[in-house]
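See the structures that follow.
Two complexes are shown next, each including subunit A; its partner changes from subunit B in the first to subunit C in the second.
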Partner chain A sequence: MGNESIAGIQAVRTKRNVKQFLASYGFYIIFILVFMIYSLRAPSFLTVTNIMNMLHTTVPLMVIACGIGMVIICGEIDLSVGSVAFLSNSIGTVLMVKAGVPIPLAFIVVVLTGVVLGAINGFFVVVFRVSSLIVTLGMLISFRGVALQITNSQVIGLPEALRAFGNFRIASFYIDIAFGLIIILLLHTLHTKRPYGRFVTATGNDREIAEKLGIPIRKIKFSVFVISGALAAVGGFFSMTQVGAINPLLGNGAEFTGIAAVIIGGISLFGGEGKLFPGVFFGVFLLTVIETGLNQMSVSPYVYPFFRGGIIFIAMYADSLKVRLRK
Partner chain B sequence: MFQQAPCIICLKPADRVKDVYLHISIKKSEGTWNMLDQTQNEDRNSSTTQLMLTFFKSVSNSPLFIFGVIAVVLSITVPNFLSVRNIVNLLTQSSTIGLMALGMTFVLILGGLDLSIPANMAFSGILGALYMRDIGSPVIAALIMVAVGTAVGCINGFAVAKLKMIPFIVTLSMQAILIGSSIWITKNDSVYNLPDAFGDTILFRMGIVPLPVLVLFVITIITHIVLKLSFFGRWIYYVGINKNAAGVSGIPAETVTFFGYLLSGFFSGLAAIIVTARLNSASASMGSENIVLDIVSSAVVGGVSIYGGVGTALGAVIGVIFITVITNTMNLLHVPYYLTLVIKGLVIISVVGFDSLRSIRRS
Partner chain C sequence: MSESYLKMKGISKHFFGTYVLKNVDLKVGEGEVLALMGANGAGKSTLMNILGGVLEPNEGSITIGGASRTFRSVSDSEKAGIGFIHQELALCPTMTVAENMFINRFPVKGGVIDRRVIREQAKTVLDTLGCKIDVLEIVRNLSAGDKQLVEIARALLTNAKILIFDEPTSSLALEEKSRFFDIIRALQKEQKVIIYITHFLDEIFSICDQVQVLRNGETSGDGILKDYNHHDIVSMMVGDLDIRKEKKISKAADKVLKVDQLSRTGVLDSISFELHRGEILGLWGLMGSGRTEVLRAISGLDPIDAGHISVNFNGSMQKVHPKRVKKWAGMVTENRREDGLFLPLSVASNISSANLMTLLSKNRFTVQKQKEEQAARNQVEALNIKISNLDQTAGTLSGGNQQKVILARWLSKAPPIFFMDEPTRGVDVGAKNEIHNIIKNLSGRGFSLLVVSSEIEEMMELCHRYLVIHSGRIVKELPGEAAKKDLMIWASGAGSEAGSEAGSEAPGNVNLGTEGEAEREK
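This part shows the complex of A and B:
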């Protein structure tokens, strides 16, 4: 009798452990499985060129997702990233093309615009204490409206030098992959090694406790939105240079794929948990891998949303499971 | 015999709802849990005068009042605004957004969010329209729209209530999936050549009032009464105020949440019927994400809190009319479309900001 109950408890514990394991590492298992299946089905998949191409495609979203990741770790959300990317870069492009501003200066303007737009988000969230969901949802629409007005909803081609930069490569290594990796690693260090990063995590974990510990949560929150705005602008810049022009759909839906990638990478939407480096990097990469693979297996593009939606759904379920198991 | 044992439980309020403490009084004789809370627009008695009083109180309490004044000023100064034709047009436009906002009201009061409403509307509209075009009977097509909408709502509800997933993400991915499949099914074209009988019936005018307006009117009143006077309605408020407390006091919180999302889907299906009839076609572009902003902002302007537990159906619909008035006057004043987007975005943020500043001052 006694033995049976102990065995029962142990069985429950193992089940719990298995669940916990799957919730934490399931995504890596999916990643490996997807990679293996594709490599077997499509011969062109597992080649250096293809992997580099996929990384290249990943860069803009990865940079944007890092910003979202910081905001989510801090317990807030930023839906406006796509529109921030579009607005800041449309200002930069108009300056470059119409006013003949030199490229480095235009890039600085792009980043600064991103900072200002992020600060606007942060201002409403911190000072007016409006839910970040509502603020950034409103800004998602507003910023895009302004940007469409600025670009007249037209496609504007970039200067030749910038177009060359976007797809510049040494052998099959695209230069912007290096920039993307540098950005993500810098942020990762900022998040895990510096006091600032700890403050962000603590704020996301429990706002009230963080406040009692003397962490300036309002400043932290504000700064997180600024970071997200700046990174959205930089990510948009990479995306724009890859295409070679700014089009009205730049950054459209980036909030969705970005948040999805962040969650897949193990950053909890409940805040205060997760890491940028292996997490977000692989999360974004997985989304790209899935689409490239489907593309190379010549599946109809209309089916992509199902795969993406399905995988995101599983990731979300794992996230909520993880939180529930801990309680 | 009649033992009333009022036990006052002060629970740690849910994350952001700071100023709400539940007073739970148990009436054993009636075998029911009767909970009274202290939010400002909760009424205890159900007499009509009290209902009216509560309504006026909540109106003057909400930002709606100020914006209502602005709307009146606009309507007097803007040319062509006060013509019968424009008003009827405005109300017809409001009817679809209004239905969706009613669905959103349930979800918002529950403390959740449903971003998939417009996508759901487009998806169910497309399925119904395809049936009508290829197989026949508009009546069954309308039923299909409602059924599909409700089914999608059920999936959302299941994921949120049973799987405990975050509503925001569930409905965001649902939106992506629904828009994706709408584009897939229609090959990104619109479904037209619908039977005339469908549009003629739905847009039938009684005198000068089109049927959709009447439908919205009737459904708003029903929803308002359900929310305010029925058991189910009260449960929705309690779950929205504090889910754990509601669960502890015996309210089937999971089931209530599930039905909230189900109703949200149901209303999307209803809206699909009207939109399809008005456009005389259905396409994936009906579910543009700008509509979500319209719906949420209407509900919020109408006094529904996004933190849950506060708001009325009537308020939400008045909010819809207000937002439609803004859009309409900007059209009449020839404001560029992009600027309209900017102004709308700012209106919602300032309304919510105003509201939260006031609640900070109150506490």
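This part shows the complex of A and C:
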């Protein structure tokens, strides 16, 4: 082998490293670029109030995306999150408004409903071995149907105390931002620092290998759906309290924006890879930032889905590129 | 060493009434390396899976260090000090070295994994192996050899006393191999009990001291390795006699395919051969030798780095790009369910799918249903495919019939060359025989076939000529009447010391890359 070919190999490696760098960190570069462009174009963009507002808007999706993230890291998918959010909070709202159940108790019911709905997903995936794509797609449709029945497809206003909570703030800091950050950091710890989280990652790497290593993959898979269900319920709760009412569109489309955020944040759709923090945090935030910026630049709202779709496409493409680069 | 540390006694295992292991004994002492040998399906893996707790034996007992043991799970076996280093490494590629080593026993401190402890302990164990991998490196980025070290380190971490290595060198590069042998010797000095499974004869003579050979689920020979030579071991593996049918060897007819210096870095090295009209050419080698990769490379499924392929085009040989070889060749693969058949489609559509352009109706635009069915019906009859009707979906057929459907597809297209990768894997004996007859019939009609199979009997039944592949290169060409023993010896990379009847002169050490003499049949 001559020097030329060694030089050739090095050139190829450098090229590859550049590509790998872009695939891994490209999203942060985009994030910074977007931030800079908006700051220059819209004077109101780079202000504490605006950033706090954007974080506030991000909270519900961030919580939901954490659950999706865990499921995807485990090598499965959960499309039902939006409907779980809607159904569990419908039950909670009806209990509060129609039956006069106290708010804390209603909140517990909301979370427990999320747990049960997640367990239903997990049950079908683990016990009947149905593909999670199919199971959760079915649940996406049917849970929403049940919820529409319960709420009669109506907008139901929340008790005053809860409305106040949803937009409660100290100076410009909304209280739910704190809750959202606590949740994402807790899950991040669970994922990276607890044996359980490592089992989730190992299961997502390769089911058979994980089994050989003695990891109880069925329990692990079941549990990630339960976590996802509970977080979807909590995320829906934040969304509801921000609006001050439950409406028939609550959580609508959360599965795709959620998945997009997760993938933008570097969690591979192929499983076993990525982190909730900072990945998912910035992934969700980027989506909000882009839409807020477009809004402040007075772009027509009908254009937003186009941008969102474009970002989702780029994120997915980058993900598959990362996988190809490894080969 | 009167009492062996590990003893397996009278082990039997049967699946659905078929015995895979019959009354097998095995014993290994401390500081001993036992070579466990046997052809594919001899029962080596079953025996080791029993020891590893993956399978439970129907009969027999296991004694470790004088105490009787029963294993119901992998963790039972691990607790008894058994470490199983699988051929397919059980590592999670996206996680770090340290995490992989501790995956099923993370130490927890204050509710979270104690990263400092796992880092330090992982490093300590890797150091004892003389290995300088960063414990925080992601496993995906390691070389095959380093990955294996991580797996060995994981076994050592559990204080495993008994180490089972299943084909440990099949994915290692040359220098990694010698480092690996050093580690085995070091482990031996530490009085570990080592069982070493391999197909490669030359390896066992350099590191093992005991040998046990299995054939058809029974022990066909064991003892101290020094008492045997290559030939003895091979005889024990394949049985004494080859009853060979007379086979007509097709005289060198005109060439239909010529492969020249085909290379793919790290996989294939300077593969050159010619395929003649009407010839069944066998690519023979052990699993992982590169035999399937040759087929994949010449049919354009894998990229190639050097070399070229020519096919006979109207009487003259012309170079073609590997991706275009498909125009001349039909590919019958072992994974018929994955990349051969369209399972939800009907038998008729499956048969016609490679050949739709010849089945067009007069408008030259749509496929004519009657033509399609007629073509399919002809093939179904010719190949004796057992179906209720042509609309039956391919997914409902038995393995043998599915394989025949694939054959039928290519027959209706009639390319001059066929590539067959394990054409009878997973089909029953009757169908196997029929497929063999179809293959022979094709050859008689002037089609040329390139066949890969891991069953030596099948190869011997079919082939007019063999190319023996070892470590990605052709080490030997053998004539159709070559003895089983020679095929085994060359494939195991031990041809150097064979001095076989079929070989003219023995080439040097195969591992160093000396090419086998290309010897044409008489």
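In the analysis below, the second predicted complex is superposed on the first by the 326 of 327 C-alpha atoms of A that agree within 3 Å, B and C clash if a C-alpha of one lies under 4 Å from a C-alpha of the other, contacts with A are read in each partner's own complex, and residues count from 1 in each chain.
We adopt the following convention: a residue touches a chain if its C-beta (ideal position, glycine included) is under 8 Å from a C-beta of that chain, and two chains touch if they have at least 3 such contacts.
Note that this is a predicted model, so its numbers are computed, not measured.
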Taking subunit A as the common reference for superposition, should the pair subunit B and subunit C be classed as clashing or as fitting? clash
May I ask you to decide whether A:P43 touches subunit B, subunit C, both, or neither, giving the answer as first, second, both or neither? neither
Does subunit B (first) or subunit C (second) touch A:N205, or do both, or does neither? second
Touching partner for A:I259 - first (subunit B), second (subunit C), both, neither: first
Looking at the overlay, does A:L269 come into contact with subunit B only (first), subunit C only (second), both, or neither? first
Superposed model, subunit A: greater residue contact from subunit B or subunit C: B
Does subunit B (first) or subunit C (second) touch A:P104, or do both, or does neither? neither
Check the residue A:R324 against both partner chains and state whether it touches subunit B (first), subunit C (second), both, or neither. first
One more residue to check, A:G214. First (subunit B), second (subunit C), both or neither? second
Just one of 20-28, 146-154 or 344-352 in subunit B hits subunit C in the overlay; which is it? 20-28
Name, in rising order, each residue of subunit C that touches subunit A in their complex. 73-75, 78, 86, 90-95, 99, 103-104, 106, 108, 111-113, 140
Please output the residues of subunit A touching subunit B within their complex, sorted ascending. 77, 124, 128-131, 133-135, 137-142, 144-146, 148-149, 253, 256, 259-260, 263, 269-270, 300, 302-306, 308-309, 312-313, 316-317, 319-320, 324
List the residues on subunit B that touch subunit A in their complex, please. 113, 159, 163-166, 168-170, 172-174, 176-177, 179-181, 183-184, 290, 292-293, 296-297, 300, 306-307, 336-342, 344-346, 348-349, 352-353, 356-357, 360
Touching subunit C in the complex: which residues of subunit A? 189, 193-195, 198-199, 201-202, 205-206, 209-210, 212-215, 272-273, 326
